[in-house]
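In what comes next, chain A is part of two complexes: it sits with chain B in the first one and with chain C in the second one.
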Partner chain A sequence: MISQSNYLWILPLLPLLGSAILGAIALATSHHEKGANEHRTGFLAVLFPALAFILTAFLSLQLEIGHSLRQVVAPWIVADAITVNFGFLFDDLSRIMLLFITGIGSLITLYSVGYMHGDRGFTRFMAYLNLFLFSMITLVLADNLVLTFLGWEGVGLCSYLLIGFWHKEAANGAAANKAFLVNRAGDLGFLLGIFALMTLAGPAGISYTELREWLHNPLNAEILAGQGQVLVVLAAFFLFWGCTAKSAQIPLLTWLPDAMAGPTPVSALIHAATMVTSGVYLVTRMSDLFVLSPAIMHMIAFVGLGTAMWAAISGLFQDDIKKVLAYSTVSQLGFMFLAAGCGAFDAAIFHVFTHAFFKATLFLGAGSVIHALAGEQDLRKMGGLAKTLPRTFLILVFGWVSIIGIPGTAGFWSKDLLLERVYNAPFMGHTLYYAALATAVLTAIYMTRMMVLAFMGKYRGDEHVKAHAHESPWTMQLPMWILAIGSLLAGFLWAGMIPGADLFGRTLSSIVGDAQRIAVGAEHEGPSAFVFAVLGTAAAVIGLLTSFIIFTKFVPSPVGLPAPRGFGKVWTFAFDSLHALFIKPTRALAWVLQTIVQSLFEALQNAIGLFAIQTSDLLRKLQSGSIRLQLGLSVGLTLLIAVAILGRLF
Partner chain B sequence: MLHLLLASPFIAALIIALVPAKFSRIAFPLSLLLGSIITILSFIVVSNGASSNGAPMATEPFAWFHIPGTAATVQYALFSDGLSAWMNVLASVLTLSALWVSFSSVRERFAMFAISVFLMQGALFGCFLASDAVLFFLFFEALVPPAALLIASFGGPGRKRAAILFAAFTLIGSAPMAVALWAIATWTGTTDGTQIAHAVASLPFVKVSLLFFAFALAFAVKTPLLPFHGWQAETYSEAPTGVTAILSGAMAKVGVFGFLRWTIPLFPQVALHYALPIALLGVATMIYGSLVALRQHDIKRLLAFSSLAHLGLAVAGCFTLYQSAIDGVVLMLIAHGFSAGAMFLLASLPERWSKTCNISSFGGMAGRSPIFAVLFLVTCIAAVAVPPTLGFVGEFLILQGIWQTMGPEIALLAGLGAILSAAYTLRLVQAMLFGKASNEHEAAKEISIGEMFAIVPLIVALFVLGVAPSAVLRTIDPAVGKNPTAVATAYPEKPSDATLR
Partner chain C sequence: MIDILTVQIIAALLFCIGVAVALVRRNIFFVLMGVELALNATNLSFIGFSRTFSGSASMVGQIVPLFSIAVAAAEACVGLAMVILIFRARESLDSESFTSLKE
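For the complex of A and B:
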């Protein structure tokens, strides 16, 4: 059921308005000694996302499950046979995404008000955050691929601006550039995917609802089985290519750990909870297309699993608290793609949802630690902070038990569901399951390592810093507590073993139900859910204990940079070397073109120039030459010569 | 109306020239006033097209002179559809902005500067409005003297060489076109743009091909395309930056305009036959320009190669001969006109402040000149075609057309250009705005209110037109017009798919 709505455009407009107002304030005060009043700008910064959240919640409560709202605001691009609209679609998938994007977005903006206190760029930061939320809302609320692409590039741009927020450090700028360029490489894939769909389905290829109808229309079955097959594979391949960049999957993943150069609230909001999950959103949104190409589905599953394992192992080597969490995010995104590739789109989105809570909690908690220790991010210089920062410790414990999957927490329910679905997948399900379970053990190991190094044992850093350590202000505490409680309880929206607790799954079934039936085929009896729960819990406990035993004894000494050392360095950054395979030849080619080819052209033009100068000097002797006259003469002469030659020829 | 529009820059030049030296101080406000009036005129022509849903305007032909030895009579006749009208807007807006921003660098000799700029603008209008091939050619050639004069009198240290190089390249490039025009007049007895296409259709393919390439060469030099780009980097970096904004923003568009208005509609069969190689040349130009731009150390040279890359893609879009891609080309021309114009004008500010164009001598401008930095950054974002700027809409339509007509591989190749353009633009942003401020220019300067008035409208236009590209598309696409056949027969505006296949 699709009904018309006249209010959807307000949703993205709210944060855009906020961004415009804050941006104007930032510009107007850019030459003042101090920035604008933080109380007022901070209030404005939280106001607009919060209003967007309230509106989303209101619409969601009004709308029954299975129903959706649609609004075409105005045509955007109308050229020949192509029509792209500014159109919005508020259905079961976008409502879930919007609820946590605007909700967590508002909370993290509030947290930033405390975190960024006293920074000269306070207002600018808030303007960027609002702009980001506008782009993110557009991304998930758009009713067509091109408008989603607008949001897609928009979030990439905001990510660029926020990673390089402290722009005086050249390293931050380099990280920002890398993020933008890698994402641009992905965006090309997205665009080509759109083109493939436009070729396949014509004008219907752009709009989600029309494409869905087109794919399910029996009249098109022949095209899909025949010449359209290649285009389906191409479209799915290119769109997934786009996802690998945005969601930091193999091979386009190296930008995300570098992106930790941005302020911590940015890492929590953009590089953990929302933007990086938009790849999973896109695959789910296009699930009707993806299931038509089993080869690409398998590719997604393997890329997801590979990324999950690689990032989990990399996480073991990190000594920077934010880098641990960054690799953890990459790894969890891998889990989501593994599920999507196995046809469990709803489980993937559920993990996106719970992950948003526990990873935001972890990042904000880490931010609180960094804030307390005056910017210290090196785990080797922490230790024993449980006593100094008891509240922050408790908050991080909530996030930690959730991510490793202690029964009852949000992370437990979603990961459990996800692993069960992977096991039951028709293609190599068992193998994928055991590999994923092993990765879950690794997850528990590196996360426990982080907790032990930061909070257990003795303090290893500068005593001077510890003396000033303090808990955060309420603006930071409140969002952390809400998110921490969320990471404990959010899982009960779809607790597999509790009858009736499946609101989340029911909500999504109208979107992904058909696709999942195609991908998974008939339901068949697997082991009972209890077995998976026990195995999952065992993985968490084994990892936890192993890590606890090892890292309470072996504490790395705080020497040198917190980047991984030796083999770990090579291993964790292997994909940078892979990128170099593309970047170096490009640089070399640019060098060749500039120093050899361009020089040749220039030599040639010098010859011409010399000739022209000689001629004009000659002319000047003949005429009292102003340049205008010379040029007039040369035009006339060329014409004359040309006419003479042609006259001979014809 | 069209007569008035065409005459207005020449009248403006005359008025400025008549101002006595005693009152030279009023030359600047006067030229701004005249420039604004011309801009308003050009907007009136656009709104005329918009209100009539893209129906073109034309004047009564007026027999001008007889070409000796042929049956052809050159007519003074003007024609304006959405494409012409928007190109005129581009030329007039950029002229106005360039006059405004250049005043601080030119000062005493401003009157002479303004006269030449207005003459160049008049020639641009002539190119965009002429409906007779010979008339077009005369204006096409008339572009060169004022431009060369501006470069030679107001340019950088290598200005004389650059002026001669520019003149030599463009004049030599267009010489074959003169021959081709003469041949057309001889063979068909007409030089009227509406009749040539029909008249040459009966000629043997080889002859038409020769004509086609004679036209194409002139436009390939003007645009420029590889390997005829030798004049560009040197001219753009030596010319006074305000003039470069016009050269790259408006004059280079005459090249692509020539392909769209003359080369393709006049010789559609030949265009179809050679479409793929020429489009590939366009893509190659794009990749080449982007790669070389990566290695430039001078802002203006970097922007010159960036222009090369953008217009390479535009030419590739023309030769897809695909309706929506050609619509995309028009959008891209406008987008690049505004963004390149704004970039060059913005670049002229730090150039004036610190007397250098070397990228590595800047840095940290985001902290020192925050408003300038924001404008520069926003312009760069528009230049790399991030949606919803106009550049994105153009690129999207062109790349889609390339995918449709030439296949995924070429679209992928052209798409690589989009990544490379981000690479060199971000490098520029990084070096200019971010990092530590260099010590070479101690006093932080900021863009003045007047300069903001001149530049901000260009940037705003990129966003407004990007959100509402239909403002342009409605006036150029005969498919959405009320009476498409009337447009097609009145003037061979664009090859429609039906006539080509």
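For the complex of A and C:
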């Protein structure tokens, strides 16, 4: 059921308005010694996302499951071949995405008010955050691929702006450039995907609802089975290519760990909870297309699993607390794509949802630790912080038990469901399941390692820093507590073993139900859910105990910079080395262009310039100042022109 | 009755003489006189054409010289005033000595 709505345009407009106002304030105060009043700008910054959340919640409560709202605001591109509208679609998938984007977005903006306190770029930062939320809302609320692409580019831009927020350090600018460029490589895939769909379905290939109808229309079955088959595979491949960049999957994943150069709330909001999950959103949104090409589905599953395992192992070597969380984000995103590739789109989105809670909790908690230790991010210089920062410790414990999957937590329910679906997948399900289970053990190991190094044992850093360690202000505490409680309880929206607790799954079934039936086929009897729960818990507990035993004994010495060493370095930067294979020839080509081609063109330009100068020097001699000569010249030239005109006339 | 063509030939001759005087003579007064002569040659040409054509074209041929004479009078005033000023500054009537406007 699709009904018309006249209010959807307000949703993206709210943060855009906030961004415009804050941007204007930031510009107006740019020449002042101190920035604008933080209380007022902070209030404005939280106000607009919070209003967007309230509106989303209101619409979600009004709308029954299975129904959706649609609004076409204005035509955008009108051509013979295609028509693209500024159209919004508020259905079961976008409502889930919007609820946690605006909800967690508001909380993290509130946290930033405390975290960025005293920073000269406070107002600018808040303007960027609002702009990001506008782009993200556009991305998930759009009713067509092109408008989604607009949001997709918008979040990429905000990611760039926020990674390089502290732009006085060259390394931050380099990280921002890297993120932007790698994402451009992915955007190419997205665009090619749109073109492939337009070639396949014509004007219907752009809009989500129309494409869905087109794919399910029996009249088009012949095209899909025949010549359209290649285009389906190509479209799915290209769109997934786009997703690998945005969601940091193999091979375009190197930018995400570097993105930690940005302020910690940015890492929490953009590079963990929301933006990086837009790839999973896109795959789920286009699930009707993806299930038509099983080869691409298998590819997604293997890429997801490979990413999950690689990043989990990388996470073991990191000494920077934010880098551990960055690799864990990459790993969890891998889990989501593994599920999507196995046809469990709803489980993937559920993991996106719970991951948003526990990863935001972990990042904000880590931010609180960094804030307390005056910017220290090196795990080797922490230790014993459980006594110094008891509240932050408790918050991080909530996030930690959730990500490793201790029964009852949000991470447990989503990961358990995800793994069960992977096991029951028709193609190599068992193998994928055991590999994913091993990755879950690794997850527990590196996350416990982080907790042990930061909070257990003795403090290894500078005593001076510890003396000043303090709990964060309420603006930071409140969002952390809400998210921490969310990372414990959010899983009960779809607790597989509790009858009736499947609101989340029911909500999504109208969107992905058909696709999942095609992908998975008939339901078949697998082992009971209880077995998976026991195995998942065992994985978590084994990892936890192993890690606890190892890392309470072997504590790294706080010498040098917090960078991976030895084998860890080779492993961590494996994909950077791979990228270098492409970057080096490009650099060589750039060198050739710069030195040879550019100097050729420069010589040509200089020759033209020299000719003009010499000629004008000659002509200048004619300006002798003698009246008779000048008069004679003008009379002579007039005669010449007269003769020329008469010559043409006769 | 003078032939129409004769008028035009006389006008062209006067014009050429005026231009030649302006170009050849170095005395600045003669240059000005040459320019005036050339100007009046065109006036004569206009008058001649006013007899060649009829109606409104004829009227134009008679009116334009009147305007031209008025403008020439004003121009002569300005020109002579400038010559006097230049003479006071340079103490010379030779146009070749006024070359300060070169590049």
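One rule holds in what follows: the second predicted complex is superposed on the first by the 595 of 650 C-alpha atoms of A that agree within 3 Å, B and C clash if a C-alpha of one lies under 4 Å from a C-alpha of the other, contacts with A are read in each partner's own complex, and residues count from 1 in each chain.
One rule holds for everything that comes next: contacts are C-beta pairs under 8 Å (C-beta built on N, C-alpha and C of every residue); 3 or more make two chains touch, one makes a residue touch a chain.
The structure presented is a predicted model; accordingly, all values stated were derived computationally and were not measured.
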Which superposed partner A:585 touches (first chain B, second chain C, both, neither): neither
Which superposed partner A:390 touches (first chain B, second chain C, both, neither): neither
Which superposed partner A:78 touches (first chain B, second chain C, both, neither): first
Touched chain A residues, chain B compared with chain C: B
Set intersection of chain A contacts, chain C complex versus chain B complex: 627-628, 631-632, 635
Complex contacts: residues of chain C adjacent to chain A: 19, 22-24, 26, 31, 95-96, 98-103
Contact set on chain A toward chain B in their complex: 27, 30-31, 75-82, 146, 149-150, 153-154, 157, 164, 167-170, 172-174, 177, 180-181, 184-185, 187-188, 191-192, 194-196, 198-199, 234, 586-587, 589-591, 593-594, 597-598, 601-602, 604-605, 608-609, 611-613, 616, 627-628, 631-632, 634-635, 638-639, 641-643, 645-646, 650
In the complex with chain C, residue positions of chain A that touch it: 620, 623-628, 631-632, 635
Contacting residues of chain B [partner chain A, same complex]: 141, 144-145, 148-149, 152, 161, 163-165, 167-169, 171-172, 175-176, 178-179, 182-183, 186, 227, 229-231, 234, 288, 291-292, 294-295, 323-324, 327-328, 364, 366-367, 370-371, 374, 381, 386-388, 392-393, 396-397, 399-400, 403-404, 408, 411-412, 415-416, 418-420, 422-423, 426-427, 430, 433-436, 446, 467-470, 473, 477, 479-480
